[in-house]
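Quick one: structure below, then a few questions.
The chains carry the letters A, B, C, D, E and F, assigned in the order they are written, with residues numbered from 1 in each.
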Amino acid sequence: MTRLIEESDAPPEVKAVYDDIKATRQTDWVNNFWKALARHPATLKRIWSNIKEVMAPGALDPLTKEMIYVAVSITNNCSYCIASHSAGARAKGMTDAQYAELLAVIGLANETNRLANGYNVPIDPKFLAD
Amino acid sequence: MTRLIEESDAPPEVKAVYDDIKATRQTDWVNNFWKALARHPATLKRIWSNIKEVMAPGALDPLTKEMIYVAVSITNNCSYCIASHSAGARAKGMTDAQYAELLAVIGLANETNRLANGYNVPIDPKFLAD
Amino acid sequence: MTRLIEESDAPPEVKAVYDDIKATRQTDWVNNFWKALARHPATLKRIWSNIKEVMAPGALDPLTKEMIYVAVSITNNCSYCIASHSAGARAKGMTDAQYAELLAVIGLANETNRLANGYNVPIDPKFLAD
Amino acid sequence: MTRLIEESDAPPEVKAVYDDIKATRQTDWVNNFWKALARHPATLKRIWSNIKEVMAPGALDPLTKEMIYVAVSITNNCSYCIASHSAGARAKGMTDAQYAELLAVIGLANETNRLANGYNVPIDPKFLAD
Amino acid sequence: MTRLIEESDAPPEVKAVYDDIKATRQTDWVNNFWKALARHPATLKRIWSNIKEVMAPGALDPLTKEMIYVAVSITNNCSYCIASHSAGARAKGMTDAQYAELLAVIGLANETNRLANGYNVPIDPKFLAD
Amino acid sequence: MTRLIEESDAPPEVKAVYDDIKATRQTDWVNNFWKALARHPATLKRIWSNIKEVMAPGALDPLTKEMIYVAVSITNNCSYCIASHSAGARAKGMTDAQYAELLAVIGLANETNRLANGYNVPIDPKFLAD
C-alpha cells in the first residue's frame, strides 16, 4: 500500500537523514514515518530539520513536548501519531498515571472548547493583557 | 448576546459554585465561562467538578496541564479557551520562551499529523507494545 | 468585506431562489448566508436545493434536524452556523432547557471521542452487526 | 495492544462502576470503552458519572441524545464512537430511514459550515437576540 | 459490516445512478462510496448530482479539483476519501512529484493555521479589500 | 492584545527575514503573521524557510498551492489564514469564478468526508495500488 524506503534501498541523501535520526535519538532503527517521507527527499530533510529543532530540549523539556504532541494527535485523531508519540513519551519516562492524566486533560479540554463555542462566551478583558 | 449570570444575580446553587471557584483558585473573580454555564446550574456544577478534579496537581503539575489545555484549544481554534488557558499558564509561571516553544510544537504536530495521514503510514509494531 | 447580494440588487435567477426561501420558510427576509452564496448563482441554487430537501420534515422532525445542525456547527466552531441554527431551533420550539442539554451532549461527546482515540479502544464485535 | 480490564479482573472500585453501568442500561455486558478507561479508575468513575447524568432522559429524549452523539462522532471521525453510538441509537429505536436522514444532515452541515467560513458571512443581527 | 448495494441487486432508481456514474466517468465500475449511499436512494441521487456538477470542468480543471478534495480529506483524516481522491487525481495525471508537493502544502498550512490562532494574529486591513 | 514586531523595532535577525520576505515576494510590506512570529526569532526564521521552500514554483504552480492553502484554512476555520491566502490567490490571478468553484469543492469534500465516515465505507482494493 504505502511505499516505504527501507534503509537498504535508501539513496545517499536519504541515508544521511536516517543516520542523523539514529544518531540524534541514540537508537538503531528508523520508524515508518520517515521511510514514507523518504519518497520525496526534500520533504524528508525539511521535516526532520524541523523536528530536530522544535523537539530539542529548550525552555520546555522533551517529555513535556512529547505530551503536547500527543494532545494534538489525539485531538486530530491521527492513529499513527498517537502511537508514535505515546511511545516516545513513555521512552522519555512518562508513567501510566501521567498518561491517564494527560488523556483526562485532553478530553476535558475538547469538551469545554465546545461549551465555550456553544455559549458564545465573550473573552474577559483580563485575559487580553498580552 | 450571551447572557451571563453575574455574581450579584446568582441564585444560591450558582453562588456556591462561584465561591468554590474563587476559593480553589485563590482569586477574587469568576471568569465569563462559568457565568455563561450558570444559565444551566447542573452543567455549571458538573463541569466545575470535572475541572477541579482533572486540573488539580497530580502525576502532572498544573502548568503542564494548562499547556496541554492550550494545545487542544489552539488545535480546535477556540478563541476563548486559547485566551483563558494561555492566561492560566502565564499565571502559573509560563515564560514567553516556553509559550513560543509550546506553539512551535503544536504547529509542527498539526503538520506531521497530516503527513502521516496523507502518506498513510503503517504503525510500526514496536509502537504497539502497550 | 464580504459582498452580499441584497434582494433589491438580485438578478432574476437569484431573486427566484430568495423568493423560494421566503415561501418555504414562511418568512419575509433572507439571511446573509444566502446573500453571500448569491455571488455565484449556481452555488446558491445547488445549496438551497440541498437544504430544502435535507431539512424538510421526514423520518426526523425539523427541530431534531436543527439540533443536529447545531451539534455539527459547534464541533466545527462555525460562529455563523451556531448563531443561525440555534436561532432556527428556537424558532421551531427549542426551550432553554433543551438547548442546555444539547450543549451538554455535544461537549461530552467531544470529550469521549478523544478518550476513545487516546486509549485506542477496539470496537466491540456486537457493535458491528450492521 | 490496548489493555482492557475485564470484569473478572476488575478491582472492587472498577467492578462497582461496571455493575452500575449494567444496572442503569439494563444489560448484561460492558463495552470496551469502559474496560479501557478502567486502567485509571478515577477517570472511569468520573466519565461514567458524566455520561449517566448527561444521557439520562430530560428535556431531550434518549434517542435524540444518541443521534446528537453520532453527529459529533462522525464530524470528529471517531470510529469507535460512531459504532457504539449508532448501535445505541438503533437500540433506542432509530430506523434505517432516520439514520439516513441523520447522516444527510450531518454531511450538509459540514458543507455549509465551510461555505459560511469561506464566504466570511457576517452574522445577521436578528440571530443575536439571545 | 457496512451493507453495500451491488449493481446486481440494485433497484432501478439506484441502477440509473450507477449507470450515469459509469457513463460520466467513462469507467466500467462503481466504487464503494456509492454502493453505501445506495442504501438511501434519495441521498445517492442528491450527492451524485452535487458531485457531477461541482467536479465538472469549469473555471478550475478536474485535476486541481481532485487535489483540493485530497487537501480537505487529509485535513479531516478521512481514510476512504484520501484513498479515493488520491487515486482520482493520479488517474487525471497527477505525478509523484505533484503529490509530494500537494502533501507538503497541506502539512504546512495545517501548521501555520495553528500558529495564526495561537498568536491571535489580527487580519491586515489590506486583506479585507474584497 | 497580540504584540507585533514592527519593522522599525525589529532586531537585525528579524529585519533580515523581513527583508527576504519582501524581496522574495517583490512587495514593500510584511503582513502581521510574520510580525507576530517575530516575537520568537527562531520560529520566524524556521517558518519562513519552510514557506519559502514549500510555496516556491515546482511541480505545482503557485496559484494552485495558494488554493490548496485556502482549502486547508477553510476546513480548519482559520480566519486569518483564509483572508491572507485568499488575497494571495487573488494576487496570483484567481478569478471570482475560480474562487466560487474552489469553495464549492471544499464544501462538498467536507460533506462527503462525513458520509464516508458515517457509512463506514470500506476502501476499494483498486484504490490501494500505490
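By definition in this document, a residue touches a chain if its C-beta (ideal position, glycine included) is under 8 Å from a C-beta of that chain, and two chains touch if they have at least 3 such contacts.
Because the structure is a prediction, the values reported are computed rather than measured.
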item: Neighbouring chains shared between chain C and chain D, ordered by label; value: A, B, E, F
item: Chain-contact steps, minimal, separating chain D from chain B; value: 1
item: Intersection of contact partners for chain B and chain C; value: A, D, E, F
item: Interface residue overlap between copies chain A and chain D, same or different (over half shared); value: different
item: D-F compared against D-E, more contacting pairs; value: D-F
item: Chain C and chain F: spacing of chain centres that average the CA atoms, whole Å; value: 27
item: Whole-Å gap between the CA centroids of chain A and chain C; value: 34
item: Multi-chain contact sites of chain C, meaning residues that touch two or more partners; value: 1, 39, 42-43, 46-47, 50, 54, 75-79, 83, 97, 100, 103-104, 106-108, 110-115, 117, 119-120, 128, 130
item: Overall pattern in which the protein chains touch one another (line/ring/star/complete/other); value: complete
item: Touching residues on chain C, where the partner in the complex is chain A; value: 70, 74-75, 77, 79, 82-83, 103, 106-108, 110-115, 117-120
item: Residues on chain B engaged by chain D in the complex (per definition of touch); value: 1, 3, 42, 46, 50, 53-54, 128, 130
item: Chain A partner contacts - residues on chain D that touch it in the complex; value: 39-40, 42-43, 46-47, 76-78
item: Interfacial residue positions of chain E with respect to chain F in the complex; value: 1-2, 4, 29, 31-33, 36-37, 39, 43, 47, 50-51, 54-55, 58-60, 64-65, 67-69, 71-73, 75-76, 78-81, 83-87, 90, 95, 97-98, 100-102, 104-106, 108-117, 119-124, 126-130
item: Sites on chain A touched by chain D in the complex; value: 77, 96-97, 100, 103-104, 107
